[in-house]
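What follows is a pair of complexes built around chain A, which joins chain B in one and chain C in the other.
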Partner chain A sequence: MKISKFNIVLLGLALVAPFAFYPVLLMKVLCFALFACAFNLLLGFVGLLSFGHAVFLGTGGYVTGYLMMNTGLTPELGILAGTIASGLLGAVYGKLSVKREGIYFAMVTLALAQLMFFVFLQAPFTGGEDGLQGIPRGHLFGFIDLSDNLNMYYFVLAIFLFGFWLINRTVHSPFGQILKAIRDNEPRATSLGYNVNDYKWAAFVISAALAGLAGSTKTLVFQLASLTDVHWHMSGEVVLMTLLGGMGTIFGPVVGAAVVVGIQNFLSGGELGNYVHIIMGLIFIVCVLAFRSGIVGEIQKIVKRNFG
Partner chain B sequence: MSADYVLETQNLIKEFKGFTAVDDVSLKIQRGNIHALIGPNGAGKTTVFNLLTKFLTPTSGTILFNGNDITSMQSAAIARKGVVRSFQISAVFPHLSVLENVRVALQRKEGNSFHFWKSDKILNRLNDRAVELLESVGLGDFADAKTVDLSYGRKRALEIATTLALEPELMLLDEPTQGMGHEDVDVVANLIKRVSKDRTILMVEHNLHVVSKLADQITVLQRGAVLTEGNYETVSADPRVQEAYLGVAAEEVQA
Partner chain C sequence: MATFLGINLFGLFGQLLVGLINGSFYALLSLGLAIIFGLLKIINFAQGAIYMLGAFGAYLALQYLGIGYWAALIVVPLVVGLLGILMERFLIRPIANEDHLYSLLLTFGVALVLQGLFTHMFGSSGLSYAIPDALKGGTKLPFMYLPNYRAWIIIASLIVCVGTWWMIEKTKLGAYLRAGTENPALMQAFGINVPLMVTLTFGFGVALAGFAGVMAAPVYSVSPDMGSNILIVVFAIVVIGGMGSIGGAIITGLGMGIVEGLTKYFYPEASNTVIFLVMVVVLLIKPAGLFGKEA
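Our next item is the complex of A and B:
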């Protein structure tokens, strides 16, 4: 990734942000931003609409939560374990789903995700309806106390930057080049000798693992792993974030996640709290009807038109 | 002897629910030839292509490539063996640049196509070869253009350049001049003639002018079955062919 002035300014802002905003809210935004970026890798760069991505967010969360509560694992190892668990689940689910296309792919991923939802609901170690509560954040590398919100924020920021970098690198790699070719014209990619399902599968696993990374991190932030994160509502929400921000753009999912989390946070405090879903639904409709390429996509268009 | 033949099919049959699209087709494609597959609409030409490249699975029959049975191989594997096809609609990657289109084909042999942790800058070492290929089809000046902006004729030229990048032993071209104006047709026909050196081409083509100019050998299909085979003179003199296919053209000439 190019290190431009723009990126440095953004990084600077991210570093001072916790002094202006509530750190937990910022961490929530970063976790969802990473989740949406991972999702966008599939939707925006391979053209696969997964409608069950919450399962990877949730699995990462539960595995990390369980390990943090029941073993003496340090947080970085707990997160790593959650990420790997989601990656492995993604490997299995990807094998089962990438052969299908379009709406069938969406339905298969939804069905597989619902399967895990009921596992997490019924399994003895997940706390059922209550989820896992009071998960300790622990000490990073054994000595940095993460119960301090500022420490936790910079840890989360580092994780987000790593994930964001990895997705960028994947998009702009020899592998990413083939993904774009498959998205553009799948039969042609096959006729050039590429086993397209293998490439889709690999992208699926990367996306699942990074969604797991986001979920694991989120679990530590809120010290909670719950069914909300594996519910299909969450799978829908990440679609909204990505489309609102601009699918297939690098920064789109980040902006989309910030806007969605921001609006939810703003509304939940006030009288409109009961109408959150209706308002989000309206925003979604307006987005699809009026600006299909999302916030970042529209801005890019304007910039191109006026300065390009 | 099969050694003279790059590709052979033996009793190839494809049935769709109660309808036989390809009926007992045995083709022999001689090495170094431009072999044309012609026939009226719905004769099964494109279906034969799809069977040869395994985009469809034959109901029965055998496909031999250089004497080896490739009937059970998958599409991508057949392509890696050296049988590379084009499509009826122009098969390009519209949102990649013209250069990147060719590079995608060159990249396969690099063995780094799963390397998601590396920068795509390492692909730049393929640029010289890609530009060379683009120049060979007259697209040298368009390397940086976005493919979606190219004219139809240029897209087809790009498709040929991309196919050539794989150095295929056998190129399958599905109606390479379809939907083109006169000038583009000649450009592409000349291009095919030029690239046919050192390799074998099997093409489906409607334009008889192009077929007469290019093809060494012609197979005429009708209702899924082989009607006749031979060079242009033999085939065009066959009364059955005239009735099935050229009849219309002959009447037009008389009118």
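Our next item is the complex of A and C:
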């Protein structure tokens, strides 16, 4: 990523943001932004619509939560374990799902995610309907107390920046170029000698692991791992964030996550709380009908038209 | 107690019956999905929500309009089918030329709105709908007790499924439909109004889900999330069967219901997951699905 003035300003804003906004809300935005960026790596850059990405968010969360509660692991190791667990699950699920394309891919990923939903519902160590509650945040590297929200915020920001950088790096690498070639013309990529399914699988694993990283981090922030994170609603939400922000753009999922989390936060406080799903559904419909490039995509179009 | 090789036959047949009932609904829903997919090449994510709409339609018709079960069985699918026609005409057709993933997302949005709307109006706890008088009671067979309404579900859904299969595979109308699936442009050149056919087909596929919803109202609890729960299972069934054939959708639906019922008897812990596990096995052995045509 080129270090432009724009990026430095953004970073500066992120560093001072917890003094202006409630840090827990900001951390929620960052976790979902990372989740959406991971998802966008598949949808935006490989053209694969996974409708079960919540399973990786939730698996990371459950594994991290379980380890933090039952072993004396430090938070960074707990998060690492959650990320690896999601990556491994992604390796298995990716192997199964990249065999099918398009709409089938969406249905396969959704069904596979539902399989894990029932596993988490019934397994003895996940707390069933209640989930895992009261997960300790612990001390980062053994000496930085994360129960302090400000410390936690900077830790989450560092994780987000790492994930964001990794995705950016992937997209702009030769590997990422091949992914885009597959997205744009799969038969051509095949005829050029690339084993398309292997590339899709690798992208799937990276995406799953980063979604797990987001889930593990989110679990530490809220000290909670629950079925909500594995539910298909969550899979739908991440699609919405990416679509609304602009799929296939670098910043789109971040903007989309911020807007969706912002709307939910706003609605849940007021009388409109019951309407959250209806409003999310309406945004979906409007986005698909009239607004397919998303917020960042539309801005890019305007910039290109006027300054390009 | 009738037992055979240590198996409790009453329990086994009971679960088989439950499996057949579930399978009937799987068959109706995946049949609707397959018909819509054939012509429009899209998966209707709202199919589950429309099934829910059918069940609520029956409930509301009885509560507020005094329309009984038998009339609802005709009226509700018609109304729901009409809604489907409007949905195709005003939401799906404008983006028909875009990537099909967009129409999937669009129908997902519709599903969210419908489910949210009904959760808002009726809460998430289920409502109950009485079994019609004519089908109350049951028949005592030598090995099990068969409630009449459950027998009716299996018979009625079989009739509708086989009738639909016959209409599509054996009649002239069905021939148009299949030809439209193969080559819509050529059909249009022959003077067939393809857009109208597409709209009506979508309406019919949706009406099947509405019909399933009315059928389901007396046996399952009528609740806003009844559709999304069943739809994900139906998606797995569609992957197992493949979208290749109408008959395949029906057979896979019923078959998976039976598999689920057997699992409930022999290893209840896995009854929620067994269909997904079958899907995994099918993906490993025959990725195109049991009846799938594409490579």
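Assume the second predicted complex is superposed on the first by the 308 of 308 C-alpha atoms of A that agree within 3 Å, B and C clash if a C-alpha of one lies under 4 Å from a C-alpha of the other, contacts with A are read in each partner's own complex, and residues count from 1 in each chain.
By our rule, contacts are C-beta pairs under 8 Å (C-beta built on N, C-alpha and C of every residue); 3 or more make two chains touch, one makes a residue touch a chain.
This structure is a prediction, so every number in the text was calculated from the model and none was measured.
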Have a look at chain B and chain C on chain A after the superposition and call it: clash or fit. fit
Looking at the overlay, does A:H277 come into contact with chain B only (first), chain C only (second), both, or neither? second
Per the contact definition in the header, classify A:A106: touching chain B only (first), chain C only (second), both, or neither. second
With the two structures laid over each other on chain A, which partner does A:A85 touch: chain B (first), chain C (second), both, or neither? neither
Is A:L115 contacted by the first partner chain B, the second partner chain C, both or neither? second
So in the superposed three-chain picture, is A:V239 touching just chain B, just chain C, both, or none of them (first/second/both/neither)? second
With the two structures laid over each other on chain A, which partner does A:L26 touch: chain B (first), chain C (second), both, or neither? neither
Have a look at where A:L67 lands relative to chain B and chain C in the superposition and call it first, second, both or neither. neither
Applying the touch criterion given at the start, work out whether A:A181 contacts chain B, chain C, both or neither, answering first, second, both or neither. first
Going by the contact rule stated at the top, is it chain B or chain C that touches a larger number of residues on chain A? C
Nearest Cα pair across chain B and chain C, whole Å: 9
So the chain A residues that chain B and chain C both touch are none
Can you check the complex and tell me which residues of chain A touch chain C? 49, 96-97, 99-100, 102-104, 106-108, 110-112, 114-115, 118-119, 121-122, 232, 236, 239, 243, 274-285, 287-289, 292
Chain A contact footprint on chain B (complex, rising order): 53, 55, 74-77, 79-80, 84-87, 91-96, 100, 103-105, 107-108, 110, 112-120, 122-123, 162, 166
For chain C, which residues count as touching chain A in their complex? 37, 42-43, 91, 94-95, 98, 100-106, 108-117, 119-120, 228, 232-233, 235-236, 238-239, 269, 272-273, 276-277, 279-280, 283-284, 287
Of all residues in chain A, those that touch chain B in their complex: 166, 169-170, 172-178, 180-181, 183-185, 187-196, 198-199, 202, 206
